[in-house]
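In this document, chain identifiers A, B, C and D correspond to the written order of the chains, with residue numbering beginning at 1 in each.
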Amino acid sequence: MATSPTLAPSWTTTEWLNTPEPLSLERLRGRVVLVHAFQMLCPGCVSRGIPQAQRVAELFAGARLSVIGLHTVFEHHRAMQIDSLRAFLYEYRVRFPVGVDAPDPSGGPIPQTMRAYAMQGTPTTILIDAKGRLRRQVFGAHDDLVLGAELQTLLLEAESGSEERAETTAQADGCDEGGCAPATTGRAS
Amino acid sequence: MATSPTLAPSWTTTEWLNTPEPLSLERLRGRVVLVHAFQMLCPGCVSRGIPQAQRVAELFAGARLSVIGLHTVFEHHRAMQIDSLRAFLYEYRVRFPVGVDAPDPSGGPIPQTMRAYAMQGTPTTILIDAKGRLRRQVFGAHDDLVLGAELQTLLLEAESGSEERAETTAQADGCDEGGCAPATTGRAS
Amino acid sequence: MATSPTLAPSWTTTEWLNTPEPLSLERLRGRVVLVHAFQMLCPGCVSRGIPQAQRVAELFAGARLSVIGLHTVFEHHRAMQIDSLRAFLYEYRVRFPVGVDAPDPSGGPIPQTMRAYAMQGTPTTILIDAKGRLRRQVFGAHDDLVLGAELQTLLLEAESGSEERAETTAQADGCDEGGCAPATTGRAS
Amino acid sequence: MATSPTLAPSWTTTEWLNTPEPLSLERLRGRVVLVHAFQMLCPGCVSRGIPQAQRVAELFAGARLSVIGLHTVFEHHRAMQIDSLRAFLYEYRVRFPVGVDAPDPSGGPIPQTMRAYAMQGTPTTILIDAKGRLRRQVFGAHDDLVLGAELQTLLLEAESGSEERAETTAQADGCDEGGCAPATTGRAS
């Protein structure tokens, strides 16, 4: 994984499904985040990527990890509107929160978050550590054994750094200029 | 397969994709027809049914057989409009003709052709012989070995009965009040 | 399938498993025969060929069809002796009769039946019609849809020719100079 | 994984394949060890367990990890002798070292190492940490995501504990009464 990682770009979204309120990287600080960027009509996402993200969500249910879907539509925009996505998530039993990537304001096909991460396409798997840093980004199918190892690295880091982090957040009361991030919010997913 | 089969019900459709003009059982008379009734957001159709229909279309490409998709939407109607279906067929590389089952005029969820065949759900595989008779209808996954055997039975029947059929169609010149059905039209698929 | 087929070569075997007595093509005359030639340490046989032969045996259990295994060892001879084969069949739940191809008397690696059919390797699927003629021989993985269609062709031929065959066998009482082949023996599998 | 682990039992073997010389836990000290206990005629080992062990060996090739096969025959003993095992490893392209578990001297069916670990059957996956402690033992199929996470935990422990360990081994010069365990020997696999 990346050795001198920088903060992961923020997500720019228009809607959220499977969560009572919008999520952001700031609100998830303190948790490891796996982002599965997909399109509902992308065969590789449906057959491989989404099932993998679902199994991560189930198998690591007790861990300090949030699995987040990001619907990054860059083709067939009319075919993948919110009604279709909602039905898709229902039929494929996707339970984790899914944000809808915001369209390019200048009318281009690539949505904003997809561009911010310079994703090559879908599916893309993104790993963000508990400090909000972008640690891994993989386009295409990703091996379960390797993904399991990568997640565990970030989870162990998050655990070992928790006292240190507790001090920091205590100082700021879990809030900063952008808003508040109580430790509990991350458990929404 | 059915021993005293009756004529298969007509299809009532609103649109056709992957074909220059609408298809009907009458136009396909003389050919064996495999109908794959599906919904684009039905996981079992996407993972099993459609790939099977695609392989039939490829492996029996030289045979007197037409593979026809029928989009029988009975739930999430707004999610599976024509734009979404068109993109779906493109992304999943479905090349065979697909008709869109016509909605219930009285506003119920079950479309007309689905009701006419009393289908239980999707995927449903329907086999119609060269004389237009309904010979087999299976709800759910259908075994390749059995399907191959069933198709071959109908294809061999179609071959052995071809002289007899030629006489009948010669009488009517391949036309009836609804239109003409030259032997070549069936090759559209 | 082959258009001017000749009689399938006889099998030369040293032992039989899963059957009370040795089988031969002569004894199976009147039935369609699927021969699955395999080696117990051939990965493609274990993962694809044998499971396919097992499904044929189950799905066509009521048909006039016999599924026969033929252990054609042409490498690692000491590794695949009869004790190992017997345990293999037990563990993989292979229930159909399996004959052991007889070794080359001049000491070469290719066993006799394998050579008689000029097999290229394992797995090989061989289809023999009810009249004992070799109709199809495929080296490597064979598609279920195509295999189902081929089996059905031979089964329908066997059915349509049954009166004719009945006359012939009645005349000879099911016996010929080589021995007797009562209609019931074929049902052993 | 186990919280107060004890040292893993020694292996008692009669032969080794795919390695120039016999291996032991003592010789592998300092490396994480994955033991895949299998029987060559166990279907679940062949279809799931061995392929998983092979992928671990490939994907973690650069890590301080040794994948070791253990042939724990407890049934069909005559069917799985060394010649058969050797051919099996060759045909299935198993490249990691495989030890043959030693038979029970009192003539029982369960071999010695299998009994020492109280294994329930095959396949069994065993994880041993760099200090030789038994940390995890799973009977049956084991999930890739979980296995990846478990391996990474032990690998990170091995890394972080290496200075401490270096001190200890420096004191004893890497040797003890039972023999010597130079750091290089672990690389044999």
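The definition used in the following text is that a residue touches a chain if its C-beta (ideal position, glycine included) is under 8 Å from a C-beta of that chain, and two chains touch if they have at least 3 such contacts.
Small disclaimer: the values here were computed from a predicted structure and weren't measured.
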Of all other chains, the one whose Cα centre sits farthest from chain B: D
Separation of chain A from chain B, taking each centre as the mean of its C-alpha atoms, in whole Å: 41
Chain A and chain C: spacing of chain centres that average the CA atoms, whole Å: 55
Chain centre separation (chain B, chain C; CA means) in Å: 37
Multi-partner residues of chain D (each touching 2 or more other chains): none
Category of the chain touch graph - line, ring, star, complete, other: ring
Pairs of chains, among all present, that meet the touch criterion: A-B, A-D, B-C, C-D
Chain B contact footprint on chain C (complex, rising order): 55-56, 59-60, 143-153, 155-156
Complex interface listing, chain D residues touching chain C: 41-43, 46-47, 75-76, 78-80, 83-84, 86-88, 90-92
